[in-house]
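Labels for the chains are A, B, C and D, by order of writing; each one numbers its residues from 1.
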Amino acid sequence: MKDIDSILHALPEAISHTFGKGKPADYIPALAEVPRDRFGMAISTVDGQDFIVGDAKESFSIQSISKLFSLSQAMHYAGEKVFERVGVEPSGNPFNSLSQLEFENGIPRNPFINAGALVISDILLEHLKSPKQDFLDHIRRLSGNLDIQYDERVFRSEYDHGQRNAALAYYLKSFNNINHSIAQVLDFYFYQCSLNMSCLDLARASRFLANGGIDPVNDKKVVTPKRARRINSLMMTCGTYDEAGEFAFRVGLPCKSGVGGGIVAVIPGKMSICVWSPELGAKGNSLPGMHALKAFIEKAGISVF
Amino acid sequence: MKDIDSILHALPEAISHTFGKGKPADYIPALAEVPRDRFGMAISTVDGQDFIVGDAKESFSIQSISKLFSLSQAMHYAGEKVFERVGVEPSGNPFNSLSQLEFENGIPRNPFINAGALVISDILLEHLKSPKQDFLDHIRRLSGNLDIQYDERVFRSEYDHGQRNAALAYYLKSFNNINHSIAQVLDFYFYQCSLNMSCLDLARASRFLANGGIDPVNDKKVVTPKRARRINSLMMTCGTYDEAGEFAFRVGLPCKSGVGGGIVAVIPGKMSICVWSPELGAKGNSLPGMHALKAFIEKAGISVF
Amino acid sequence: MKDIDSILHALPEAISHTFGKGKPADYIPALAEVPRDRFGMAISTVDGQDFIVGDAKESFSIQSISKLFSLSQAMHYAGEKVFERVGVEPSGNPFNSLSQLEFENGIPRNPFINAGALVISDILLEHLKSPKQDFLDHIRRLSGNLDIQYDERVFRSEYDHGQRNAALAYYLKSFNNINHSIAQVLDFYFYQCSLNMSCLDLARASRFLANGGIDPVNDKKVVTPKRARRINSLMMTCGTYDEAGEFAFRVGLPCKSGVGGGIVAVIPGKMSICVWSPELGAKGNSLPGMHALKAFIEKAGISVF
Amino acid sequence: MKDIDSILHALPEAISHTFGKGKPADYIPALAEVPRDRFGMAISTVDGQDFIVGDAKESFSIQSISKLFSLSQAMHYAGEKVFERVGVEPSGNPFNSLSQLEFENGIPRNPFINAGALVISDILLEHLKSPKQDFLDHIRRLSGNLDIQYDERVFRSEYDHGQRNAALAYYLKSFNNINHSIAQVLDFYFYQCSLNMSCLDLARASRFLANGGIDPVNDKKVVTPKRARRINSLMMTCGTYDEAGEFAFRVGLPCKSGVGGGIVAVIPGKMSICVWSPELGAKGNSLPGMHALKAFIEKAGISVF
């Protein structure tokens, strides 16, 4: 696998022209403060190897990438029943957050938009005894890193800027698609978003998706092979906000992004990838990150298509 | 004014065929329990006379008719500034509640949709020392009835079914169009909706709108003549939910309705009217009430057009 | 009626500050070429008097004001049946033209949006032997001016920029709400829009709306009193594009505007007004025209509210 | 490859329970007349083998599957420039046809919705000398079947029910996203939709998409490898109307469907598949066809994810 390593180390140079064209998320102070020039990438293969470049061991706010882990945990506990309360269609709509719920009677389009993740959180609250600790343990186990923590400051900021999520939660409740109290749901949801992880943590934590649902390092089954495939398909069609079509078209891999600048990508049967760089494009995905993924698969000659 | 009296007393017979075609609001138990056959109408003229028929002295839940009084009170305190935070255009959209806010950046279309009334409540909270008591006093003064009370059971029900209003309030706050806490705003808003008044109370309380803003009985200026005209125009274009065009077309008067089955109408320069009957049409307006207003103006040969 | 005359002659001065703040319609060359400083106003009272100021005798392109005359003609022939094919609700939506039709199954919101006027044209095609000539005769009779003509150049331009109207017409036809050929409907519709009339012509032609449907000069019944009231109410709620609420709120009269810069207003029982000035505001209504109407009714102390 | 054959022959039995639950397209008489119990499936592998079952050699109306071939032809001639005039995002909206164009200024969401295919047709009209014949030749060459014809009766029916497509075309033209005459564009577009092909024809004709853009039988390059991947990704995210997410989730393959009941699927690097059965589900995709694809990949243990 010398190739992966050499391709990886050529990437920072190859995508250096993409810096300065996006801008970091600024609605949360802690996100806005991260130096713009950070760039890291990590790859974990299904045979247990890791490859890293740049700031791949530096922790950042995972934000919406957490939706990947909450969904897989919810599917573990509730199986296909999850999809009675959230759909599997792309939102396809910059105005999605509330209008779509209104048109579609409180069923969020998919588990990766905020409304969907709030429903997923509500589902997990039914199954987890200590929701926050259990979720943290799940992530720690998947990444093999017991030091992963949530960021108290980011967590507080989410609350301070969380009116839109509160609106979504109340709106979902008006359609009886939230069972727990709004306070519980938001508290748990904001917690998930405020975890800090590195590229290496995230690549390892999502490796099971490249390996039929089984963590190749400890051989533990996270989800069934079928569910792993389905999560991958959801990442492909819905994982990168309103840019999912563009990602499928240009990158061609299942991806899940977060406004912290991280993107997780899966190459089924081969490897999981996490790239991170804070400058976001217009649709909220890391611009250097998207280019790095594109350059990597072109060099490596890999595609699911 | 013998005419008014005789036209009024012929109405119950004239509209008897409209009963059984609508249905009372049922999202709040207390509303669903009101006997469907209730019908009352009251007229208060600008020269201080009152005319009543049927159950015109029976109290009912005023619901959205309260928006008339909160708006006039807000215009009294904040003048034209009110319209920097709410618009004056009809919503024209059954899907208005949240989608429209999303498209129009948190400025509610007008003060008579729920989102608009929440903003009006927020404005009043800035100006009133004891908001609930002050609002109640305002209503009592206007109607000349010191016995008017709010209905504790309806108030509680509003809370129990208030998730959509909570969603609206949080959404408005995410656009910085709510300054007070969501709890304060909802508490005050639900209080307004849960007042109980009779047709006679409401006809008297809205008489100032037919008289250039001045209460003809005690000569007190409620709003300026210009503002009275503007409130009347808002009632005409926005006062009856998504049916405002239909009301303007068929009834041709400024009206404000509530899901409790009441409708207030104004004939500028002449009189204010309140009709009440619980069965609602598809758009949420009292069906017998609409027909009674239509029959009255046809018999009386009155129209603003 | 010396008052009207003096108020009228003070208007050009009073609204002079509003020039230079809007801009003329430019999608049609002939409209863009009209000098921006033109301003005229004409009033026709129900007792047969005319008052004019400024360029009130200069002809301009009536554009959407024609919808007033096609609607009244259609109501003359088809009565209430017209409203089985078009609604009476404000469109309330800047994105109205096609989206709303999609949501509401091919029934245009009202007869004053383009989609509605295409349906009205289709209805008239069923009743008129020589549609264009009959429509022209109708207008000439109402205004008492046999010299009124259509503008060939404007008519051609409407065709050249008429793709959106063609799209609307085909879309309506897909819902079976157009019976004649698209070519016939568009040809007739563009013809109506391309008539040239002066303020005086238009004030006289709409005087029947202020007089219960009867032309006070020749005592001819154009429509029934009830229908005149209903047309007035439609003008109030839908006559000035997405600004109808604003017009009702600020002007408080039934109005119908056109992108040629003309606005017709009706004061029921008293007079009809036409004001003209080419500079349009953001919503497509003459800016000096709106201010002139507002100034006039304030000075004259007239309002329907 | 004995396996493929045996899996294929077990399918009709395996999916027999899905018959009678959908209904054939009925807006075109010729489509409604096809016997509902037809079922065929064909597979063409990248090493040149064919496998068939049931009515795989019976011709049917390819309808929207034609969009696959017009897109690949347009990408052959115009390359990436195609995507300056159509997007690559899923439409995500049952109300997509016109509303979305309105919100997004005349740029269709993707080349597989009708609006997008009209733009693609317009692009091809610039590059093809005899558009219809050239397109037919392209299809004949790809499928190796010189007998493929268009269906005159279906073609006429498309015209008779083509008002919505005409509306789309005029609307696109109003945004300057159609250069040729509406008549030319519609004529060419309806022609493409009215081709008759069998499952075997379609599996062979789309085999190049499974083989990096190269027709494995005659070694001819249809599109570059990169473009083949991109077409596959577009099929995955947008190929099955508003059900693309569901297809990705349940089937997990790039697919393109038509209301004639056909579905083409691609397994990159391995094979192309065409299944056909006329009964459609609520979103317009063949219900037995979708189940057959799902059963096939489960049995064969194949997935891109």
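To be clear about the criterion, a residue touches a chain if its C-beta (ideal position, glycine included) is under 8 Å from a C-beta of that chain, and two chains touch if they have at least 3 such contacts.
Chains and their UniProt names: A, B, C, D = Glutaminase.
These numbers were taken from a predicted model, which means no experiment stands behind them.
Shared contact partners of chain A (Glutaminase) and chain C (Glutaminase), listed by label, are B, D. Summarising the inter-chain layout, the chain whose CA centre lies farthest from the centre of chain D (Glutaminase) is B. The interface with the greater number of C-beta contacts, when A-B is set against B-C, is B-C.
Separation between the centroids of chain B (Glutaminase) and chain D (Glutaminase), computed from CA atoms only, is 55 Å.
Between chain B (Glutaminase) and chain C (Glutaminase) the centroid-to-centroid distance comes to 32 Å (mean Cα coordinates, whole Å).
In this assembly, the C-alpha centroid of chain A (Glutaminase) lies 48 Å from the C-alpha centroid of chain B (Glutaminase). Along chain B (Glutaminase), no residue makes contact with two or more other chains.
Of all residues in chain D (Glutaminase), only 95, 97-99, 101-103, 163-164, 166-171, 173-174, 182 touch chain C (Glutaminase) in the complex they form. Per the touch definition, chain C (Glutaminase) reaches chain B (Glutaminase) in the complex via residues 87-93, 109-110, 228-230, 232-234, 236-238, 242-246, 248-249, 252, 254, 268, 303-305.
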